[in-house]
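Two complexes, one shared chain (subunit A), two partners (subunit B, subunit C).
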Partner chain A sequence: MSDTVYVQLLDLAAGLVLVCAFVALWRRGLVAIVRALAVQGVALAAVALLLGLHQHDLETIVVAVLVFSLKGVVIPRVLLRIVSSSGESREVEPLVNVPASLLAAAGLVLLAYATTRNVVALDPSPETRAIPIGVAVALIGFFALATRRKAVTQIVGFLLVDNGIALVAFLATSGVPLVVELGVALDVLLAVLILQVLVSRMRTKFGAMDLDQLRELHD
Partner chain B sequence: MWNTLALLVPAFPLAAAAVAAAAGWRRSTAWLAPTAAVAVIADGVALSVRVLDHGPVTALNDLVRIDALSAFMILVIGLVAFIATAYGVSYIRAELDHGHTDAAGARIYGVLVCLFVAAMLAGVVANNLGVLWVAVEATTISTAFLVGHRRTRASLEASWKYTVIGSVGVALAFLGTVLVYFASRHAGGSGQAALNWTALVAEAPRLDPGVMRLAVGMLVLGYGTKVGLAPMHTWLPDAHSQAPAPVSALMSGVLLSVAFYALLRYKVIADVTLGPGYLRGLLVAGALLSLTVAASLLIAQRDYKRLLAYSSIEHMGLIALGTAIGSPLAISAALLHILGHGIAKAVAFCSSGEVLLAEGTTEITGVRGLLAARPLVGGTFGLALIAVLGFPPFSLFASELAIARAGVADGLGWAVAIALVLLLVIFAAVVGHAQHMLLGEPAGELEGHHTPRAAGAVLVAGLLAAAVLGVSIWPIERLLHAAARVVTG
Partner chain C sequence: MTLPRLAVALAQALLVIGAAPVLVGVMRRVRARLEGRTGPSLSQPWRDIRKLFRKQRIVPANSSWVFSAAPVVLVSTAALVSGIVPFLSTRSAFDQVGDLFAVVYLLLLGTVFLALAGLDSGSAFGGMGASRAMTIAALAEPTILLAIFALSVGAGSSNLGAIVSATLTHPGRVASPASVLAFAALAIVTLAETGRLPIDNPSTHLELTMIHEAMILQYSGPDLALVELAGQMRLVIFLGLLSNLFVPWGVATTTHPLQLLAAAAVTLAKITVLAISVAVFEVFVAKLRLFRVPELLAASFVLAFLAVTASFFVA
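Now for the complex of A and B:
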């Protein structure tokens, strides 16, 4: 693989991660949102695989396989199960409507480029130049968390944050050390499983997974 | 031998968790967690002595490293875990008797509490800052179901908010960790060692300030969420008020401090790379905002468990203030504050559990004449509140005074002045609520829950420990100063 092809593929995969974040904001159907997240997981694994192949680093390739199976397969399946068991398939009415959400996301991308100038300047390689994309995806995740009201879309927001940060980790340092990577993967998986159990308990208690039901605790 | 002892620290509660998972909640296995806590304390004492005489103990290829600060945190976690889990034995028995939980619920409680304690211990013995992050996130995971233990609407809501806000907040800290790793790799670090705290401290002068500024900001936001510093505190009153009393005691008493411990570690690096002003500014802002939030929400508080939760936000603010000041006196005081607050808040939350079991409500207005009706519970609850408010002879008085003195001496007199005014407001608010609960004529009949002697003994012992530390810190003086030197360099 020549260097130009490598850089082009890397930019393509990183770009796909960002596009999926926009798709997750744009679509209203919960299944479509989860699919976007699955594609994002695969794109993230592709980034790791490209880095591993380029640097002839077996550890990174192992991590790529891990990311693919966790974020491309397992977690999306868990989310689909939540969606299908709930019987609700659409985000009803986000607090911020879709066109405004997309505009805000565009603003967040600019913000990401502005805040990471120092990081890119330290080592302007093809990998670090794509770091703002990771930060942007994480910021879009925060935005989704703050404005979406379905339990599933909140979990998606959390996972967008996580994917964005994982992208930064890959691009900046070819991924954190393997011990840490394994711990992080386990933590994310367990967090999603816990949220799944909480959603099913909420459904039996409230009969819905609309988070507007959560208003009992206040001062 | 010493590296085995270091590895045993988190292994004791892990073993207890394994047995609890296999055997379920029984009269005999119920005491596993407190036994593990005693073993952790004994191990912590042995390690402290070793560390003070011969320097840090390392294990697992430098992944684990125990210096004075780690040893101090092991002791804090051990002590609070002992109080909380020993009290938990009778609390869970009472819940089983009242039908609030069943055998399966009790088993899950027994396993998760031990895993929770093990995760905190793993965090403070880790040298690798990535492993520290994994451990802090593991505390969120192990406590998520504990918060929702009672399975009511309110506890489910608290559990959801806690998991989402906690995980997302800590994700920011992970971004910070990644950026630190990036900076470290560029300063010459390589592989796993590049995230070791010892390596980062050595490299600190060569780390890129621009990247580190962004990283430290993320770390303060992320770990600050777990510490409960305002404005990232919103999950805390819900989770701490809904969790069962022993879990609230652990979460308020040590989990917040363990998250703060992460910031203490990063402070050592950040102060060299960026100068002390940057982190100081962030911490002072967080501290004063937390104190303001606590004061304003304590005034009209209606729920006594939420009252204790807001008081934890207040104390985390004070610890942040002490850390911001940063002189050896201030850091020693902040560490003593961590210990004193841990013990006092654990006793306060456990006593509040007894009040809840006896009165069946967490409303302040629903409880009246506690001292007359139930002298033991009323007494420990009242004394724990007095300790939390920072009265002598309890140690929080000594540490608050020392933080104030250090602040005035170090040019943060204005911040100390604001903090003192807010403390006065908090004082008035809590005393007003406590008066209503403790004094007067008891309203209802005196039947119902009786506090078992063992539980009462644990709470009284906790109060005694807090009082002894307030009179003289000699048992831990050397360790405390050595731990402070780890932070001040």
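Now for the complex of A and C:
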């Protein structure tokens, strides 16, 4: 694989990660949001795979396979199961409406580029130049966490933050050690499973998964 | 400004004026065929325009000069823009002044005049259509600017001809993330600005949903013919921008007559392919709710914004 092709593919995969974050903010259907997250997981795995192939590093390729199976397949399946069992398929009204949140996300991208300029300037290379995208995805994830009401969209926000951090980690370190990635991945899986249990408990208690209803404590 | 360059600009304007109604005829025919109808002949839009030119001109009682001026402004800005945009050759007469800002704001001038005319006629529908059209234009215009701007960062010039020549010399740029994002953004905006289906239904007269048709409801006779022609020309201009900015092969870089002929054939073919795909797309989609339109346009704005960011920071 020649260097220019490698750089183009890396840019394309990193760009896809960012576009998927925007799609997750843009769409209202929960199924569409989860699909965007799955595509983002695959793109993230592609970034890791490209890094591994470029550096002939078997460990990074194994990490890529792990990321693909976990973030591209397993977690989206779990989320889809939550969506289908809850019977609610739309984020009815986010706290910030969709056009405004898209524009806010665009602002967050600029913020990410502005704040990481010095980091990129330390060692300008094709990999580090894509780091702002990872920071931007993490910021968009925080934004989704802050403005979305449904439990599923909150999980999605959490996963966006995680994907952004993972992208920064891949690009900054040129491949995370397998042990670290394994630990993080299992943590995320555990968090999603706990949230799934939480959501199903919420549904049986309240008949909905709107987090605004969790205002008071009962015995 | 030399004579051959002036001839190129004139030829481009004539090409757009001549091709626009036929292209709309092609789109109507494709749609009709896919819906199982025979559809009108390809020259039907031209016949409609000819018929309208022979009819009497009626002006609403209390309208001002804006109402009469709007059709002329619409057609003349569209004709001027078609002289600037590199349809046939990158060497057009307006090469020095005709950059993307001139093109976008000439097109916006037409939009604004049509909205003013809608308000001027004093009918409830005209005002409603004008308000809706402005809602869309306010989001669409910055998107067009940003999308083309993403390409001009790579070319180092905001001149449309320079952008096309730069893409011709560096074909690898066509597949870059910035270019792909900018294409998606401009494609959505093209549908919005030309009043095509997910945003506005070009063939409806149902008062609750129409946007473009509501503004021109009071026009009749030659005025209506001009407005219709301008709308069709704008469609060709936008499709031509899409095809020639992102897939510029076939555009002549000289003013040689033979090259211009070849460029005309290739450009018309590209625009026709795009128009047919728009028509096919229209068969499969329903009109968006009006309140969802800003969401779609905000998404296209963000795509264009990301394209600029990508071309500025990554490349």
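Just so it is clear, the second predicted complex is superposed on the first by the 216 of 219 C-alpha atoms of A that agree within 3 Å, B and C clash if a C-alpha of one lies under 4 Å from a C-alpha of the other, contacts with A are read in each partner's own complex, and residues count from 1 in each chain.
Rule of thumb we're sticking to: a contact is a pair of C-beta atoms (placed from the backbone, for glycine too) under 8 Å apart; a residue touches a chain by one contact, two chains touch by 3 or more.
None of these values were measured; they are calculated from a predicted model.
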Consider subunit A as the common anchor and indicate whether subunit B and subunit C clash or fit when overlaid.
fit
For the combined three-chain view, what is the angle at the C-alpha centre of subunit A formed with the C-alpha centres of subunit B and subunit C, to the nearest 10°?
150
May I ask you to decide whether A:Val168 touches subunit B, subunit C, both, or neither, giving the answer as first, second, both or neither?
first
Could you say whether A:Tyr113 touches subunit B, subunit C, both of them, or neither, answering first, second, both or neither?
second
Contacts of A:Val65 with subunit B and subunit C, given as first, second, both or neither:
neither
A:Ala146 in the overlay: touching subunit B, subunit C, both, or neither? Say first, second, both or neither.
neither
As a test of reading the superposition: which chain, subunit B or subunit C, is in touch with more residues of subunit A?
B
First, second, both or neither for A:Leu95, with subunit B first and subunit C second
neither
Touching partner for A:Leu18 - first (subunit B), second (subunit C), both, neither:
second
Regarding the shared-chain residue A:Val5, is it in contact with subunit B (first), subunit C (second), both, or neither?
neither
Superposition-derived minimum Cα distance between subunit C and subunit B (Å):
19
How about subunit C: which of its residues touch subunit A in the complex?
172, 175-177, 181, 294-295, 297-299, 301-303, 305-306, 309-310, 313-314
Under the definition above, what is the set of subunit A residues touching subunit B in their complex?
115-119, 121-123, 135, 138, 141-142, 145, 151, 154, 157-158, 161-162, 165, 168-169, 172-173, 176-180, 183-184, 186-187, 190-191, 194-195, 197-198, 201-202, 205-206, 211, 214-217, 219
Which of the residues in subunit A end up touching subunit C in this complex?
4, 8, 11-12, 15, 18-19, 22, 26, 98-99, 102-103, 105-106, 109-110, 113, 129-130, 132
Residue numbers on subunit B that touch subunit A, as the complex places them:
63, 128, 130-131, 133-134, 137-138, 140-141, 144-145, 148, 151, 153-154, 156-161, 163-164, 167-168, 171, 174-175, 177-179, 181-183, 185-186, 191-192, 194-195, 208, 210-211, 213-214, 237-238, 241-242, 297, 300-302, 306
